[in-house]
Structure formats: structure tokens, C-alpha cells
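There are structures below to look over.
Each of the next two complexes has chain A plus one more chain, namely chain B in the first and chain C in the second.
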Partner chain A sequence: MARIRFKNVMHAYPPPKGQKPVYALKEINQVWEDESAYALLGPSGCGKTTLLNIISGLLTPSEGEIYFDGQDVTHLPTSERQIAQVFQFPVVYDTMTVFDNLAFPLRNRGMDEAVVKQRVDQIAEMLDLTSSLKKRASGLTADGKQKISLGRGLVRSDVNAILFDEPLTVIDPHLKWQLRSKLKELHQQIGVTMIYVTHDQVEALTFADKVVVMYDGTVVQVGTPIELFNQPKHTFVGYFIGSPGMNILPCTIDQGQPVFHGNLLSTSYPVSSDLSGKLEVGIRPEFVAFADDGIPVAIDKVEDLGRYQVVTVRHESELIKIVVKEDQPIPSENPKIQFNRKHTEIYCDDWVVEGDGHE
Partner chain B sequence: MAIELRNATFRVGAETHIYETSLTLEPGGFNILLGTTLSGKTTLMRLMAGLEKPTTGEIRANGKNVTGVPVQQRSVAMVYQAFINYPSFTVYDNIASPLKVAGLNKIEIDEQVHRFADLLQLTPMLGRLPKELSGGQQQRTALARALVKGADLLLLDEPLANLDYKLREELRDELPKLFADTGATVVYATTEPLEALMLGGHTATLKEGRVVQFGKTSSIYRKPATLESAEVFSDPPINTASIQKQGDKAYLGEFVSWQIPDKLANLPDGNYKIALRPHHLLPEGKGVKVDGVVQLAEISGSESIIRINVDGNIWVSQTHGIHSFEFGEKACFVFSSNHCMYFGGDDRLIDI
Partner chain C sequence: MNKTINNKAWWLVVPVLLLVAFNAFIPLMTVVNYAFQETFGDNVFFWEGTTWFEQVLRSERFHDALIRQLLFTGMILAIEVPLGIGVALTMPRKGPWVSVCLVLMALPLLIPWNVVGAMWNIFALPDIGLLGHTLNSIGIDYNFTRQPVSAWMTTVLMDVWHWTSLIVLLCYAGLSSIPDDYYQAAHIDGASRWAIFRYIQLPKMKRVLTIAILLRFMDSFMIYTEPFVLTGGGPGNTTTFLSIDLVKIALGQFDLGPAAAMSLIYFLVVLLICWAFYTIMMRNEEQ
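Coming up: the complex of A and B.
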């Protein structure tokens, strides 16, 4: 087990002839604490798989260094890094039994057969595979095979970290719940550093202690699920975390308070009036409410999502989404809305503006 | 186009893929097939398209028996989970291909391609090859090609499953309007209950080759006809338990009981079942109290998902705000008896 540190890591793939290199990873400085569960969250193409491959040693970064517990491993091959990896699609030996599949990484390292049996039995029990241990892997469903892949990633106790690259993509939603619960339980039991790549916010937020949000080759925020929800540092985090995402609306600043289309809003902190750049106000749909007094709007759409409703309203040319409880009526005449000031944030060129005394 | 399955079954050898099914889809309607993998969604679509012939029963289009009429002679377009485009064609030529096959002239083709490229926000990418597009753009191209045919029946088999969740969110928002504009009858397969709710229209819940229920999407969610239908239409899984009814009281295990609605109180005493949606089981508040042992607590953005063992049943509480629990902790949860759905011995909903 190890603490993993990225120091000024950058990576560019070789460009086509005559073109400048494009950086898939811009400067990354990041520490992955020992025994923590991280999720690496971002849209396709944000650089998360590149980052994962740099940890495992499948890629050497164009610039910067990687340390495992202080040791520089930047140029160390994958085989010497003691990393277990689980991929999106199951990788199993079809002709082997489930037991032999799970035992493979241990036998490969010449472990004593008694130890092998003990570890395999333990992992099989955690993953509910005990009754299939003697079966051939080829007879299993896709879900069963992916469980073996997970088991093979988890079976070694001597790894520095376990990396998961979207491991539940091929799994049915009903089973995803179970496997995600299992993974979290396993992490609590074995306490090894886990890094889990996904583009699914629910998966990221339910699995991880800390979520690393990536966008366009950089880490835009690292935080607990609650921090990402309550205080997005970048408009991308506001948009990407939460469904529907944060409302991001154009604004100006007047006497330390934001003004949206002539409507004076308030924040829990004063904002400097001499900000320059693109100014926006961000408010999550959960923190906008219908009120007797406030910004007049027209109702554009009401969606019944079962346990809540999503109402889209319009003010001038701007659309605003509001989350409303399942049994709450929607006002039909002259609807007006209010923003919860505690959750109203100001963004300048996409980065949050920290006011004086802002928590 | 109105499409009807009349007592249709589909068997491969000794295996039954679709049990006897009768289903009528209104012309121009938006219909969802909701069920897990292998519940029969794809097979039902293939039967509707004419890619498979039912073993028994009929497929009817606009009242006419079309059983056995091959797919080429029907007005059908299909979009799959995997984005299928011609890799060597530009986006323009991909969208244009069905029109060229249909023998339209250049001006007509150009007009149609631009119309659908515009609708699907592909206009700036018309000159690119599929490999130069993001996953979302590739799937939009496949969608545009299906739409441009102007088919009367549009079949979509989990078309958003391979996309980023944010892109899915955007397309879910746009698709119903887009389909309504084409006037086609749409059938859309998904494994996700929330997706069904977002898309609206009508839903058929499917389980193991049977249509469990068909009706307006929000009605099926609120009043599932059977316990099975309620289970198919719930993620996280719906909480269920057996209860004992005695007079006007329901007993869950030895220690938990509550007053039941009048209509139910008039039914004979005995065993019944209840189902309770996870967001109606809360870690605090007023109502019926149940004790459980916490199996797992997950925090997702603004909400917590807590799994508890209640008297041998694994229940899930999905609640707003952050609630931290330790594994194995004993905790008390509450629900309002108004939110209980009751099912009889035959697992059918007792409408109260």
C-alpha cells in the first residue's frame, strides 16, 4: 500500500506531423492518500484514462514525476509497480474454473497453495462466488464474469493500489447496486487505496471518500461528495454534479451584490465590484423555490420524475430549472421565484469568487 | 402507424423468449419498454420490425396483418445501443444514405439532410468522419439517419446507454419533442426507471419475456397493477415485506403495526404484501417506526442511500440530506402508512 503523488505531471500524445502537441493532461499536482477510496470523475476525453495509465505505468508522462511513498516510479515498468487493475469489460480465462481464475494472480507470484486457497475462498465469499468456484468461467453470464475480474483485482493483499476503469458499465442497473455496495464494503474491510474512474456521478459519489473532478485535462476540484454539491469551485462542477445540474446565469455586480436581468439577488458574502471577466451567478435547482414575491417567470415545462418534479421556467431569455417535491402544487398564475441566498454563488471566468468571510 | 401484437409468442427451440403477448400502440405515440437485460425488450422490437416472425399470433400495422412481411417492405427505422454509422462516409453522407437508396434527387436530399442535421445540432460536423466525432455526436448521426427515412415506426434499443450521463440528460430532454415532430410511432427500450419517467409517454413493464403492465408512464409508476410491475419500475429496488392483516391493523413482524385504510380493512384477515418506495422510508420524522441494522450508507450529492436489514428484509432508504451511519449500527426508520402500496395473495395491487 502506498501514498501516490503526482508532481507537475503533464502528458501530450504524439501529434500528427507538422502539428503542435495537444496536452491530454495539463499540469497535475495531486496526492492520493494511502487507504482512501477516490473516484476520478469527468466526461469522455477529459484525460481520466490517461491519468490512470500513468499511475499503472502503461504510459510514461511527457513531463513531471510520480512517487509511491516517496520513491520516484516515473520510469518503473507496470510489472514492478504492484498495481491491480480492473477494466470496463471482463477479462477472464474461459477455459479455467472460477477458482483458478481468482487464484491466477497469486499463483503467478509463486504463493503457497494453502495461502492461495485461503485468499480465494475469502474473496469468493465477499463476491458471492463460492457456489460457482468449481464451474468453468465460460459458462457464466457477463455479470458473473465481471465479478471474477473484480475478484482478481482484489485478491492480492500486497498491492500499492487497485485501479478500476468504469468496471460496472456492462452491468444491469439492478446488479450495479449490489456490486457497488460490495466494493464499498470491501474497501472498508481491506483498506487499500482504490481509484475508480467513471463518467457516472452517482457511481463516483456513492463509492468514493474523495471525488477528483477532471475537465479538459485538469483537475478542477477535489472534494467530498457534499463539498462538490454545496460549493462547486468551477461552473463545470456545478453543471456536472447534480441532475439537473446547477443553473448558471449571466449577471452583473452592483454594490457587492449580483444583478440578474435587473433583479437584485443576494449572496451570503459581499462581492467585489471591480471583477473583470465573464460574470455568472450559479444556483442549484434544489435551492430555487416558488414564492409570493421575487423574479417573475413563465412556466416552460413540468417533468414528473416520481419522487420529485423538475420545473423549467423562463425569465427573459434564460431558462431556470427548479426541483419541486412530488406532492407540491405548481403555481399557475404569475409565478415568481426566489433564490436561496446561502446557496447563491458568483463565478468569474468559470471559477468561483470567494467573498470575505465566505465559508 | 398503429402497431399491434395479437397473442404473439416467440420461441427458439424449446426456449420461450416471449410468452403470449397482446399489446396495441397508438399511432404517433411514444412507448417505452422497461425491463432488465433479457426481459424481452429487443425481441419485442424485432417482432414489431419484422426482423423476426412470431412463433404463434399476429403482428398488425394499421389494422392490417403484416405477420411475415419482411422488414424491407415495412416503414421501419431502428437505432441500436452501439452507434452504427458508415465509417468511411462523412456525417452528411451517413445521413443522406437512406435517401439515396430511396432514389431522391440531390436537392431533396440536401434539404432533408440539413433539416435533421439542424435538429440534432450536427450542422458544424457535416463534413467530418464518424471517428472524428464524440460518442454523443456519433449517436446523434445514427439518430438523424433513422429519422430522415421518415419511417412510420421508429424503434430505439437503449440508444443512450453508451453515452456520458450528462449527454444522456440532454438527449432525454430533446428526444420526446423531436419524435413528436416526426409523427412516427416510437418504441424505446430502456433498463432505467428514471429514464422512463423522464421520457414520459406510455410504458410497458417487462419481466422474463412477459409484458407485466402497459399504460401511461406516470400511472404505472404511481399505481403498478402487480408487485412485479412495481419492482420493475423502481431503482433503487422497492422495499417489500409480508404483513399480517387483522381487522383494521397491519402487522409487520411482531413489533410493528399500523392502521390500514378502510377499503383494506373490509377484506378478509390474513397475509398480504406491502411495497414502499425507498424515498418514502426516512431516517427521521413521524410515522410508523421500524428498527433495522444498517448494511451500508452511501452518500450521493445531496442525498443519502441507506440499506438496512429489517426483520430479514433488505430495505433501502433514499433521503435528502446527508445522514451518516456505521456498518452494523442499529437504527430506527419511519414511513407514513399513506405511502404503502398493498398487494393481495395473488400479488395484485389492492386499489385504495
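Coming up: the complex of A and C.
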């Protein structure tokens, strides 16, 4: 068990000849607290897997250091870091039985055979693999093989952290849900640090205590699911978390308040007028409502999602999405909308503007 | 919908049938013909039954050639397979050296067999050959035209030089098909270098290795040109392998009956060993 700290970690893969290196990770300072469950969320290619491989030691970062509880492990090989990692695609040792597969990480560390048996039986029980322990691993389905991969990650009791790299991609939806709950349950039982990479926000939000959102090689926000929803620090977080994502609209600032296409909006905090850069206002579709007075819009599209409807409206050339509960009417003539001022945020060059007195 | 029965499509099989007939079946049946009969020319045949087979199977000459053949094949497999795997493991996986290595490896395979024999003959000549002269000048008494041990050493070395590449290339192909995930998982699981070889690389190479061993077995068991050019089967009969002996009987002595019988026995031995090997390898696969 350990607290994992990244200090100015940057990484670039060797570039093709004659080209400048492109940084897959751009300066990350991040602490992974002991015994927490983190989800690492971000689009494909944002550096999630690179970050995991740096923690486990499969990659050495180009710059920066990694500390486990204050010990510099930047150049320590994988085998000495006590990290378990589960990959996106199942890896099984074909010639071994399921039991031997699960026992492999323990036997490699010279554990007593009685302890090995006890641990393997326990993990197999948890993953419903008990009945196939004696079978050859190569004969199993993709689901079964990935369970073995998971099992090999979970079987070690002495690990500093368990890393999951989109481990449920190949698993059937109903099993996916089951296994995710199992992982969560297991985390509560053994309390080891878990870092779970995914690009599926539902998966991230249900699994983790804290979600780390990555975008283009940097960590843009770390927070609980609620924080990410209510106070996105970066337009990407607003857009990526929530369904539909946050409305991001161009604006200007006049007397401390945002102006959107000539319509004065208000925020719960005053904004300084001397901001320079790309200014935008962000509001979640849940906090936009039809009103008698406000910004005049034209209705573009209504999508019925059962318990609520997503209405897309247009003001000038901008599209705004609104979430309307199923029992609420949608005005047919001269619809106007209001933004909830408490949830209206200002972004300058994609980063949130912290107003005076705003947390 | 009514199906019309029309057998005309069978005619399309005729070209293949003709091809198989002329390049396999008819020559084989000719051999069978000679194996059970005696002829004195003029296409006159006398039935001999299994006489030739009994003669061949009882002949000490055949036993000796068969033992030499098994010994030779066993030796070259014992050297080429581990060596081939070893070389394949040390070859680079990416970078500019990959193509250099591949071309170097492929070179021996591109040389015609009789040229290989001639090359090694000159290379090994005790008075002027690079290998032969060097060995003699450092005090090792080496003469492959006179000493059976030298002749064997040279023949085996020549085959290793010529054919190890084939095993290297096949194993390399097998190794290249292993996804990085496997190596990463093995590192995470704390596997030793040996464990990675034993539990990842070897199982993933199993299929190509089976093919490689089968090919090398068949080729070496039927080897003719290279030792024929190098030693001509000598000194004495010490490097006379089955096919060299067969040619001596068939064309040297013109004993067509025993030669035909020996051909069939030879063929069945190759077939039997291949079948047994393949069956054993594939049975393990299913378990």
C-alpha cells in the first residue's frame, strides 16, 4: 500500500525520424491517495494508458519523478514496484490451467503453495471461476479469459495499487455491470488503491471515489462525480461529463457579467472585465429552462428519452440543449429561455474563471 | 424451387485429376509395379510377390543406411531447432536491423543445393579449403574425404548452415505475432526470462515450430544432393544416406525391383513418422 505521487512527469514516445517529439503526457503533478478508487477518464489517445504504464514501470517517463510513499521509484523495474495491472485485451498463459494462471504471479514471487491455493480459491470464488479451475485456460471464452486476467491482478495481496486499463471492453454488457460491482465491492473489502482507466463516463462515475479527467496529455480536473458535474473546471469536463454535455457558448464580459449575443446573463459571482482570451459561458442543459422572459430562441429538435426530453434550440447561430422533464410543456410560440445563474460558469481559454468569493 | 440434377460440373475436376495422375499417381504406381515384379526388359514382367520387400528389409545394407539416416536427421534436428529458436529470440523486433537480419537469414536458403555441396566441398578441402586448412594448421587432423568423423561433421555442419535459417524465419514469424500485452502482463506478474519463454513464447511458437520440424524432418530424411556433391556417400559408405543408397541400387546396379521396394518402404517410413509427430503435437493442443 502506498501513496503515489507524480512530480512534473512528462512523457514523449520516440518520434519518427526527423520529427519533433510529441508529448503524450504534458507535465503531470498528481497525488494518488492510498486506498482510494480512482477512475481515469478521457477520450482515446489522451495519455491514459501512458500514465498507467508509467505507474507500473512498463514505461520510464521522459522527465519527472514518481514517488511511492516518498521513495523515488522512477527507475525501478516493474517487478520491484508491486503493482498489479490488467489490460484491455485478455492475456492468459495458454498452456496452463486456470488455477496455474491465477497462481502464476504468486508462484513467481516464491509464495508457499498452501498460501497460493488459499488465495487462488478465494479469488476464483469471487470471479465465479471455481468450476473451471482445472480446465486449460486456452479453452475459455473471451469473458472467461478476461476474468482470469482480472484474477491475476487481484490475487496478489501485497500490491501498492491495482491498475485497470479498460478491462471490461471485451465483456458482455450484463457481465460488465456485475464485474464492476464486484471490483467496487472488493475495493471496499481490501482497500487497495485502484486506478481504473475508461472512456465511459458511466463506468467512471459508478466505480470511483474520485474521477481524474484527462484531456490531451494533461489532467484537467480531479474530483468527485458531483464536483465534476456541478463545477467543471475545463470546458472539456463540462462537455465530456453529463449527457448531453454542457452548453458552451461564446460571450463577452460587460460590467462583471457575461453577455451572450447581446443578452445580458448573470452569474453568482462578478467577473473581472479585463480578461483576455477566448471567452465562453458554460451552462448545463439541466439548468436551462423555458421562461416567460429571457433569450428568444427557435426550437430546432426535440428528442424524447423517456423520463425527460432533450430540446435543441437555436439563438442566432448557436445551438443550446435543454433538458425538460416529461411532464413539463414545451412552449410552441415565441419560446424564451433563462439560464440558472447559480450554475452559469465563465471560461477563459477553456479554463474556468474563478470569481471573487467563488470557491 | 426444383433442383435440376446435372453432373456436367464434374468435368471441371478433370484438369486436376490429370495433373495428380501424371505427377503423383502414375509414377507411384509404376514404382509399385516394379516392386512386385521382375523384368528383364522388353516390358516383360514376372510376378515376384513380396520377395523384394523381404530382401530389402533383411539386407544389412538397408539397415545401416536407415540407421545413418535416422542418426543424421536426429543430429541436425537436435542442433537446428534449439539454434534456430535461439537466433530468432535474439533478432531485433523493430528498427532498421530487422530487414538486414532477415536478408542475411534468407541468403543460405536461396543457394541451389548442389552449389551448397560444392561450396562446402571446396571450403573443407584439407589442403586448400579455408576450413580444412585452418583446422589442420591448428593441429587438428581433419580430412573429410578419408575420415568418417570428419565427413560426418562436415555434412552436419553444412546442413546446419544451409537450413537453420528456415527455422529462424518461421520462429521469428511466430514471435512477431505475440502482442506486447503478453510481455507487459508477464512483467507485471513477475515472470522470469525463462518463464516468459516457457509460458508465452514457446506456446505461441508451437504451430510454426511444428511445421518447421516437419519440414526439416522430411527434407533431411530425403537429403541427396548436398552430401552427394560433398562426400559422394564416402568415405566408404559412412555418409551413404537412404536416398544416396537408393540411387546406387536403382541406377548404379540397375536393380529395379529392390530399388522400387525400398522406395515404397522409404516413403512409408517418412509418412509414418510425420503422421505420428503431427498427431502427438495436435493431440496436446486439444487437451
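To be clear about the criterion, the second predicted complex is superposed on the first by the 353 of 359 C-alpha atoms of A that agree within 3 Å, B and C clash if a C-alpha of one lies under 4 Å from a C-alpha of the other, contacts with A are read in each partner's own complex, and residues count from 1 in each chain.
We adopt the following convention: a contact is a pair of C-beta atoms (placed from the backbone, for glycine too) under 8 Å apart; a residue touches a chain by one contact, two chains touch by 3 or more.
Keep in mind that what you see is a predicted model, and the values were worked out from it rather than measured.
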{"item": "Joint occupancy of chain A by chain B and chain C, clash or fit", "value": "fit"}
{"item": "Partner chain in contact with A:Ser131 - chain B first, chain C second, else both or neither", "value": "neither"}
{"item": "Partner chain(s) touched by A:Thr206 [first = chain B, second = chain C, both, neither]", "value": "first"}
{"item": "Which of chain B and chain C A:Gln19 touches, first, second, both or neither", "value": "neither"}
{"item": "Contacts of A:Gln71 with chain B and chain C, given as first, second, both or neither", "value": "neither"}
{"item": "Partner chain(s) touched by A:Tyr239 [first = chain B, second = chain C, both, neither]", "value": "first"}
{"item": "Touching partner for A:Gly306 - first (chain B), second (chain C), both, neither", "value": "first"}
{"item": "Residue contacts with chain A in the superposition, chain B compared against chain C", "value": "B"}
{"item": "Overlay on chain A, chain C to chain B nearest C-alpha distance, Å", "value": "10"}
{"item": "Shared chain A contacts, counted only where both chain B and chain C touch the same residue", "value": "none"}
{"item": "Sites on chain A touched by chain B in the complex", "value": "43-45, 172-174, 177, 180-181, 184-185, 188, 199-202, 205-207, 225-226, 228-229, 239-245, 286, 303-307"}
{"item": "Residues of chain B that touch chain A when the two form their complex", "value": "36-37, 134-135, 164-167, 169, 191-194, 197-198, 200, 218, 221, 235-237, 277, 279, 295-296, 298-302, 305, 307, 318, 322, 327"}
{"item": "Footprint of chain A on chain C - complex, ascending", "value": "179, 181-182, 184-185, 187-192, 195, 199-200, 203-204, 287"}
{"item": "For the chain A and chain C complex, residues of the former touching the latter", "value": "53, 56-58, 77-79, 83-85, 87-89, 91, 93-96, 104-105, 108-109, 136, 149, 152-153"}
